[in-house]
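To start, the structure itself, in C-alpha cells.
The first chain written gets the first letter, and so on, giving A, B, C, D and E; residue counts start at 1 in each chain.
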C-alpha cells in the first residue's frame, strides 16, 4: 500500500487535524500551567505575581480534594457499570424478534438526544422532587414515604440521571456488536450442549469485549467532564462534588484562577492516569 | 451407533416450502454426501437433522428413536460448520474442551481426550494458540477436534472445505476420509465440490430444489445417472450432451458422452476444430468447435497431445460409454 | 508494446528482505504466470511492477524505460485485483469509464470504448447495474473491462479467479485465455492454482521465498523440472519422490515419478497395499502404502479401477518418465 | 434603530416583565436592546468572567449588592453620579443606595430591592389559636410552627431555605445568625463559626426544620419554597419580600387570600433575621455605548417605569423596594405587603448588620471577593447538616476550617 | 438464521421490550405532556396523565419571553458548521491513518482522544482571554471552531474505523486507473464512505447541539444557541413546570426529530469500530 509518495501525502493530510488539535491542546494547557503558578485572582485585580507551588499544595491539601477524586471515580464507575450491565441486557433483548422493534429502538435511543441541562432539570424538578416529583407520587401511591432523592441519595441520583442519558449510547454500540455475532458460533455452542446462560457467559459476553471497551473509553471521556447535571441538581453539595466541579468552584465561584488552574493540571493528570489505564486495555482489544 | 432416518420430512420457511416431503435413510457408519446446486436445501436438510431448525412435518429418527423434538445438544450429533464457528476468544484447548465442559466431564478425562484428539489431528503444538493465529487447515482440524471429543453418533459437515485453498483442500479431504476409515462413525457431508463428493462418499444424495434426484454410490451415479440433471452434475469436466440427428440414431432424445470417453483418433466418426487446448501435462483438455453436434465438445486426452488452436481433429466416442436420455430427461435403460 | 524488465530488483519491508535481487524479462505479448507457495512474494512482485510499492533497489523497466519512480497511474499498466476492487457506488458503465475519465478522454470516445468492451465481455445488458447486483463472474468481467479500455501496455492479474467457485473458474479461465489470444497484450498473472498456471501460461515463473526457481513454458516445467521444489510444485497430484536404494540404482539421490506415469499392472517391479482409493469415475487415485519406496505412493489410473482399501497391487513405473535429482536437489540431466 | 445595547439579566419575574416593555424604550430613544437572560448563578459567572477579563460582551449587567461595591472599588463600573435631575437619584432608598455604592459613589441603579420577612397563613395561625405579633421572636416562630404542622396532610409549619449556596441557605442563615448575635468575621477577619452564637443558630435552625419543616428541605431554595407555600403546604415562610406579590396573586397561589406578613424574627438582641438585597443595573467600564446604556438605566429604574407597569399590570406588580416615592404613593400603600416590605428594608443595615461590630459591608454576606466561594462551601456543609449527613457541630467545625483556610490564603 | 421462534416467546419479548422502552422514554414523554398543561395541572396531585385541557399557552409564553428562532438558528449553524468543518478536516487525516498506517497511528488516534480529557472549566479563563484577543467572543465563527475542535477526535476516530472497512485494493485500483490523490479521495473514497460519513455527521451534530459549556460561556446575545436558551429557564422565580417543559421540549424537539428520522444511519455509525 505504502509508497514513498503516499506516505508523504499521508503526512501532509494528517497535518491540519494534528496541528489544530495540538494547538487546541497546547495553548490552553500552557496558559493553564502558567496561571497555576501565579496568584491570579480576577476580583482582586488579576495577576498578582508568582505563587510557586502554592496553588498546587493548597489544592491537594484542601479538605475537598480527595473526596472529590473519590466522587469522580464513583460517578464514572457507577455510570459505566449501570450503562454496560443494562446495555448488554437491553441489546440482547432488542436483538430478539419482536413486534415494533424499530419503534422500541427509537424509544430507547431518545434520551441520547436530550441536552444534559434539560435532562437534569426535568429529572430534578419533575421526577425527583420530594413533594411534587412523579417519583414521590409513585412512592406515596404505594404507601411509602417519598424519598428526597437529591438529599438522601444524591450521588446515586446523579448516577441515575447520567446513566439514563448514556444508556442509549451503550445499548446501541452493544446492539450492533451483538448483531455482528456469527450465528453459527451460537449454534455450535448449542450443539456443544451449552445452555442459554452458558452461551451468554462463554460466547456472547467475550464477543462483546471489544464493544464494551469502546463504550468504556468513550463514555469515560465524556463522564470525566460531567458538569451540568451536578450544577443543576445539587450544586456540588452532599458529596457530589467531582474534581471537575471542584475546579469550577475554585475558578468561577471563588474566582481564584490560579488555584483552579492548579486543579486543572491535577485533573489532566488524573484523566491521563485513567486514560493510560484504559488505553492499555483498549489498545490490546483494538488489536485483537 | 448412528443410523439416521428422515420420514416424510418437510420444511417451510413461512409460505415457501423448501423441502417437499422427503424420505432418506443413512446407515450407521456410512459416509453420506449431499450435493446439489446452490440453494437446493443441502444446508437446510443438515440443520434439520442437527435440530438447529424445526421440521415442519414428518419425523427425524436417530437409531430408530424419534428425535424430532429433541434439542440439538441432546441428539448426540456433532457439527462442523462452514465457517468452523470456533470460539475466537478461547485457546484451541479450550475450544476442544468446551463441549466436554458443558457436559460436565471430569477434568482429567477432558485432558485425556483433548490430547488424544490433538495427536490424531496433529494439533499438539497449537493447543495454546487462539483460532486467529491458525491457518485455515488448522482451524478446520480444531473444528473437527471439537466434534470428535464428544464421541458423537454422527458427524455433520456443512461445506467444511470450501474456505480452504485448492492445495489444502486435497489434504484435508484425505484427512477426513481417513478419519472416517478409523472411526467408522456415520458422517453426513454437504459439499458442492464434485471431487469431494466422488472421492469421499459411500453414498451420494443429489438434491435439486429440495427433492432427491438420485441416491447411490459415486460410481453408480457416474455410470448410470438417472436423469440429465444428475448426468450434468456428476463428472468434471461436464458430460457432453448431444441432441438431434446423432442422438436419434442412437435411439435417444439426448445423447450423453463424457469428455474422457471420446478419443482423438486418426480417423473417426466426428470431426471438429480445436478451440482452446489446455495442456496440463498429465492430460490435455480440448474444446472442439464446429462438430455439428453441440456448440463445444469437450475432450479429455490423457498425456500431452500436440494440438493447438485451430487444428482439425477426428474424434471417436466409446460406444459402450454412451448415455441415452428420453425427451423427459430420464435415462433410457 | 509491453516488455517488462526487472533488473536486480529487491524489496524489503523494514528489516525483512522479501525479494532478494531478482532479474526477469517478460516479453511483449507474453502471458507470464507467477506461481509459488503462499507468502513467496508473488503479489509483492506484481505490486512492484505496478508501482503500488516502491522497490528497495534495482530498476523496473517498461519497454526499456526506467519506470522505477513513475507513479502507478503513469506506468500505463492495468491491474485486476483478487477482490476485483470495483467501485461499489458506480454503475458498471461508470466503473469502466473511470480510468478514461481520469485520463480526460472525450465522452464520445469513452462511450465507444465502453460499448466495445461490454460487447467483448458480454456485459452490454448489465451496464447500468451496480457491482453489488452482479454475480462473481460478471464482476470479474467488469474488472477486466475496466482494465481493457485503458489499452494498457500490460495487464497484471493477482489471483483473479480465486474468489470464484470451481465451475465458474473454469469458464473465466477460458475467457481470459481467449482475451489474450485476441489482444496479444502482455499479461502477468499470479495464481497458486496448478491448472490455471499450466493451461494459461506462455511462461511460468516459479518463485520460492522471493527467488526464481525456474522459468519456462508449462510443459518444460512439467517435463524437466530444474529441481525438487519445482518438481513437487508443478503437477497434480504431486510427483512421487523416492529416495534410497531404488533411486541409487537409477543413478540419483532422489528419484521422481509422477502419479500418472505409474501403471497398475498384473506383475510389476513395485508392490504395495492400497490405502485410500479415490474413485472419480474418469480416474482413480490410489494412495499406496508399504511399497518400501516412500511412505505413500500416489498412482493415477485412468478410468475406474476396481480396487479398494487394503488390496495388494503391482505397479510399474514408465522408465522414460523418471526424473533424477542429485543430493543438492538439482536435476541430473 | 441607530444603535443597540446588550444587557445581561437574571431570569426573575420583574426582569422578564421589563423585557416586555423594551419596545417602548426603543420607540422612545431609537436604541435597540439585546437581552441575554440567564439563571442567577449562571448569570453571575458569565458577567464576572466578562468583567474581570474585560471581555466587553455586555453594555449593562444585572448585578447585586454583593458585586457592586467590589467591582466599583476595582474601577470596573461606570460611576452613576451624573444621572439626570428628573431621574431623582435621591429618591432611591438610602439602604439601597448605600449597598450599591463604593466610597459614596453609586455604581449601579437598583431595579428592585428586597429584604426578607415572615409570610404566614392567617387561617392556620388562627386554627392553632395563636396570633402573630408584628415582630415575633424565634421562640414564637418555633412554637407556632410546631402547632401548625400536620405532616399527614402535608402541611409543614415552616419552610426555610436549605439548598446550598451563598445566595441560598447562607443568605438566610447569615441573616438568622445576625439575630442570634453571630457574625461572619470579627474585626481581625477571623471567621466566627466556632462561636456559641453560630452554634445556637444552626442547632435552632436544624431542630426547627426537623420538627416542622418539609421533607427534602436541604434542596429547597426560594423557588421550591415558593411553590410549596403557594400550594398551601407551608404555615410560615421566611424569605424575600418580593415573594409577597407571588403568594398573594390568586392566579398562582391557592392561599392568596389568607397570607399575613410580619417582620423577620429576632431573639431580642436588637437585630432581626432579615437581609437586604437589590438587583441593580450597572455599566461595565470601557463599553462604547455608555451613553445609551445610561439612557436605558434611567428609563428602567425610573419613576415613569414604575408608573408604566402599574398602569398595565396593577400596583402589586411594580418592582418594589428601590424608591422611597413608591411607598408614598397612595395606590401602592393599598397593597397588602407594601408596608411590611418597607419596614423590613428599613430595619436592615448593611454597615452594621450584626450585634457586634464587623469589618465588612453587607447584611447576609460580606462584600469581599472571597465571600462567595467560602460561603458556598460553608453552605454545603450546613445543607448536609440539615440533611442529617453530618452533625451541626461537625458542620460548624468544617465551616470554620474552610473559612480560615481560604481567608488565610487570601492574605487576611 | 435461528429456528422459527415460538410466537409465545415473541409476545414475551415484545411486552418486555416495550415496557422497558416506555420506561426509558417516559421522562421525555412526561415533559412533552406537561408542556401542554396549565401550571396548576402540571403540579396537580395525583398527577394527571392525559385528561387535561391541552393548551399551547406555555409555548406562547416561552416564545414571547425569548425569541426561539434566533437560538434555533444559532444552534443549527454552530452544530452544522462545526460538524461539516470537522469532517472536512478529518477526512484526510482519517484517510492517512486508515490507509497509510504507521507504527504511531494508534498512538496518534488515542492522543487525539485524550485532548478531550482537558477539563473545560479549568481552561475557561485561558480560552476566554484568547477569544477576547482574537475578537471572536459571541461570534458563530468562534463557536463553530471551538465545537469543531472538541468533536474532532471523535470525528477522526469514527471516520477512521469506517475507512478501515474499505478495502485498500479499491484505492489502489483507482491509483492504477490514473487517479491522483485528490481524485482518489473525492471520487472513490468519499462516495464509498457515504453511509459512514453520514452517521459521523449525525452523531457529531447531536454532540455539538448538546454541547453546553462553551456555547454558554462564549456567547452573549448574537451567537447564543439553544443551550443558552434553556439556561434562562433553569430556575425562574417559582417552579413553572409547564413552562419549563415547554422550553425543554422546544430545545430538544429539533434534534429528537432529526435523530429519529435518521436513527438507522446513526446506529450504523455508532460502532466506533466495535464490530469487526
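Here is the rule we go by: contacts are C-beta pairs under 8 Å (C-beta built on N, C-alpha and C of every residue); 3 or more make two chains touch, one makes a residue touch a chain.
Keep in mind it's a predicted model, so treat the numbers as computed, not measured.
Inter-chain contacts peak for the pair A-E.
Rotation relating chain B to chain C, from a C-alpha superposition: 175°, rounded in steps of 5. One inter-chain figure worth recording: chain D and chain E are separated by 39 Å, centre to centre, where each centre is the mean of the chain's CA atoms. With centres set at the average Cα position, the gap from chain C to chain E is 53 Å.
Distance from the chain A centre to the chain C centre is 56 Å, each centre being the mean of its Cα atoms.
In terms of their C-alpha centroids, the spacing between chain A and chain D amounts to 37 Å. Residues of chain E in contact with two or more other chains: 43, 124-125, 129, 172, 231, 233-234, 239.
Multi-chain contact residues, meaning those touching two or more other chains, occur in chain C at positions 52, 71.
Within chain A, the positions touching two or more other chains are listed as 1-2, 42, 132, 252, 288.
Partner chain B is touched in their complex by these residues of chain C: 38, 162, 165-166, 170, 174, 177-178, 181, 192-195, 198-199, 218-219, 222-223, 234-237, 258-260, 276, 278-283, 285, 287, 300, 302-304, 309.
Contacts from chain D toward chain E in the complex involve residues 6, 8, 11-13, 16, 19-20, 34-40, 42, 45-46, 49-50, 53-58, 221-224, 226-227, 230-231, 242, 246, 252. Chain A meets chain E in the complex at residues 1-2, 6-7, 9-11, 13-14, 16-18, 20-21, 24-25, 27-29, 31-32, 35, 40, 42, 90, 93-94, 96-101, 103-119, 121-123, 125-127, 132, 134, 137, 141, 164, 167-169, 172-177, 179-180, 183, 210-211, 214-215, 217-218, 221-222, 224-225, 227-228, 232, 243-244, 247-248, 251-252, 257, 260-261, 263-265, 267-268, 271-272, 274-275, 279, 282-283, 286, 288.
Those residues of chain A lying in contact with chain C across their complex are 1-5.
If you check the complex, the residues on chain C that touch chain E are 50, 52, 71-74, 77-79, 81-83, 85-90, 98-99, 102-103, 146, 150.
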